[in-house]
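Next up: some structures, all given as structure tokens.
Below, chain A partners chain B and then partners chain C, in two separate complexes.
Right after this comes the complex of A and B.
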């Protein structure tokens, strides 16, 4: 009874994973780096763009998660905790659509801001269909995960350390950044790697919120290579590069953890 | 202002900001779903009513809804059937290649799905499964099995071995011990993982788009297509319907179950 599960994951994930490695080197008459050359010629900018979008969203999430997670460690608030768990249970495509509705040039946010007299509707700013739209959507979708992971990390810190710091007169922010964050460094690094990998591989949100011209996220390029160009070699090369970037993040995490 | 007033207004601003951040995007969907006429740049729709809700609930969206629930049900049953014995073995016994098996179930969590699934698609083409319901069920199973194994291994590990040993000492067979001691104790965890697998399958997009298109339209695909076609009302209504199961599950988990299972979820 145990074998079918292993068989399914093996045949439908692990085997195709190795196929993608192999096919990225397969050219007409043998093996070579041709697909990688093509990808670096066409998509170097897009690959850097993907990393930057992921890093930007991650930075927002870490700042937010550390501040709110720290607050909730000092003062338990079940209601806020519940509220920030909601994004975890909302599908990616729904987040994509909701952000389009909210952030488009003629979206709800601009209409509300115009009603308040903050912006001029003759020339409305567009957050959706831009990098800011993708960053907002990715950060929003991952709010819960970041908060859950960071709260877990902060909860495992012994209360005595916090009390000691408070007794000698440190305020909340100081305790958070000089006691709690350094003590939870390892867990924060794990969370960061987890979130970075999932953002880098995200597909539906960049599809829905990206621009038609300009840079694209790597997964969008990959999808277009398959669907419109039917170029599986180049698509697989993009895939392998995305594995390497995820692995790079994981290695960095392992190094920082083992160094301590 | 006194210190109390400062603190009170700080708290009101905090709650207001939290509500806006989380509910802002969702409330825009609600507005669009009842907007029969909405001319830019008005803040609220000119004419509201249930017209589009009626249209969507009587239209082909229902086919997508039923299909999605059907697929999710089959995926959940198959997943439980396949992962309960495996997870129990992994949690309790030493078995050959155990580390390798655990690694196998870690890979799909650690790497982006799209590049792998595009190669799975090539395989499924060869077996004539692209564009069919069984193909979509198979691709959902990959992610579902991985979630379920990670949750169930921790569920079985949380049940003390001593209970099983006591039962075996009293003369019960291993089978009997599993079905009368271990399984009943693990029911809350089993329900939690079943619900999460169900939700995973209901929300799955990437694999369904690759393997299912253009013939299999589940709810997320239907929503995506209508959003990309700028059918704002239809997409918003479908999006709202698609949110309900997740919110119900969140409520159930908060109310009745341990939240530790949550951390495994949310990466798709």
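Right after this comes the complex of A and C.
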């Protein structure tokens, strides 16, 4: 029963990945670490930057997701529940452009803050075209999926546990962080792994909201290696390293799932 | 005290409105930009509402290329992927959830590994593979690589694992075959998960830009996101109002499906208990 799916996954995902792995070691006169050496010489900073951006976006996302998911577990709000699913169907390109308009030096956010007298438009701060812009957009785009997973987990918790905590005087935040979050630990871990791996592989948003100077995210480097340098070996090496970082994050979860 | 209570209520409402604004901002921006003139789009300080609603921007976007072809290609690709993913994913998830066989964990691990490979990493070997099979520039190049979904197998396995063994045993006692148990018992019980997965899959492949971009270069086999990106290039400078009108055409069908199916989504995640 599982064979057709496994066959397709094997032929079209796993086999190409191994080809990619092999190509990352292929050099002119045989095999070697040359592409990895090139990548580490050129892109160590970028790889660390990619991890940093992904971790920071994930942290912000989880804080918002847990607080909002907890709130919606306590108080059902049909409108908010509907609205928070909107980012799911907005294409990345639209998110990128909208965030540029919102967060640019002369964008909507600064114009609104200037109207309130909070900032001076002669010297406006810019969130877009910086790490903060990428983090904001990645967190926004992935918040819906995180909320769906977290709300599913919070709603699976038996109401009796929540009532018991409430009866002994625990407030909303205490119930959330000492009862609900520990009970939903598994789902929070899944959400974190899924979203972290997708952020590690993000391309459109870093391209649109990042700067042309300074550190870049790994997929942007991969794109440049293919399109401008035609260095497929180095591109494969970047891909493999990104994948191994994502896998490292997922190892704990994979072990627990396959043990069941 | 009633004053404090009332104030807290207002604060809560204001907070929720802020959250709502954050969620809808890009969508509202896209919608409003679709009906503005280019002058209004680029002016500073930004103007929220269009002076005159230019409905013809949508018509201009639609007429600026073979959009009917792009649209039907998008429908065909997204629907074919969805059907194939169900046909391959349901039996796989059922086998992983209910059977004990040698190498089960290893094979399941293998499919989960695939879940975490970004398409940018594998596109080059897949491209070479498909060009050997002479499938580049055909809709098959967009459909085949996604005909099995690791995420779908994972999500359905979780749902199938929650069906009590007693129900399955009762069906077996009634002489139901494994295929009947799977399609007539398990699948209806996992409906919210199926709907949610279907929605996720459809939206992902409907909006996908990267894969059709690298696998096709002929108009006849292009999908809507590529058509919209070409729109941006064909307008010389970036005509954001037309590009966003194109994006509106892209988003409207999935918004409609979303309206119809959104009630199932949260139920699915409660039901499947992803953990």
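Throughout what follows, the second predicted complex is superposed on the first by the 237 of 260 C-alpha atoms of A that agree within 3 Å, B and C clash if a C-alpha of one lies under 4 Å from a C-alpha of the other, contacts with A are read in each partner's own complex, and residues count from 1 in each chain.
To be clear about the criterion, a residue touches a chain if its C-beta (ideal position, glycine included) is under 8 Å from a C-beta of that chain, and two chains touch if they have at least 3 such contacts.
Small disclaimer: the values here were computed from a predicted structure and weren't measured.
For the composite obtained by overlaying on chain A, chain B and chain C cannot both be accommodated without a clash.
Judged by the touch definition given at the top, the superposed model places A:84 against both chain B and chain C.
By the document's definition of touching, of the two partners only chain B reaches A:208; chain C does not. Within the superposed three-chain model, A:100 lies in touch with chain B and out of touch with chain C [touch as defined at top]. Once the two complexes are overlaid on the shared chain, A:149 sits against chain B and chain C alike. Once the two complexes are overlaid on the shared chain, A:200 sits against chain B and chain C alike. In the superposition on chain A, A:186 contacts chain C only, with no contact to chain B.
1-2, 4-6, 8-17, 19-20, 23, 80, 82-95, 97-99, 101-102, 106-108, 111, 114-115, 140, 143-144, 148-149, 152, 194, 197-198, 200-201, 203-204, 219, 222-223, 226, 232, 235-236, 239-240, 242-243, 246, 250 are the residues of chain A that lie in the contact sets of both chain B and chain C, per the superposition on chain A. Put simply, chain C touches chain A in their complex at residues 16, 19-20, 22-27, 29-30, 44-46, 87-89, 91-92, 94-96, 99, 105-122, 124-126, 128-129, 144-145, 147-148, 150, 153, 178, 182, 200, 203, 207, 209-210, 225, 228-229, 240, 244, 247, 250-251, 254-255, 258, 262, 265-266, 268-275. For chain A in complex with chain C, the residues that touch the partner chain are 1-2, 4-6, 8-17, 19-20, 23, 68, 77, 79-95, 97-99, 101-102, 106-108, 111, 114-115, 140, 143-144, 148-149, 151-153, 155-156, 184, 186-187, 189-190, 193-194, 197-198, 200-201, 203-204, 219, 222-223, 226, 232, 235-236, 239-240, 242-243, 246-247, 250, 254, 257-259.
Residues 15, 18-19, 21-22, 24-29, 31-32, 40-43, 81-83, 85-86, 89, 101, 104-105, 107-108, 110-120, 122-123, 138-139, 141-142, 145-146, 149, 199, 202-203, 205-206, 220, 223-224, 227-228, 232, 235-236, 239, 242-243, 246-247, 249-250, 254, 259, 262-263, 265-268 of chain B are the ones that touch chain A when the two sit in their complex. Of all residues in chain A, only 1-2, 4-6, 8-17, 19-20, 23, 80, 82-102, 106-112, 114-115, 121, 140, 142-145, 148-149, 152, 194, 197-198, 200-201, 203-204, 208, 219, 222-223, 226, 232, 235-236, 238-240, 242-243, 246, 250 touch chain B in the complex they form.
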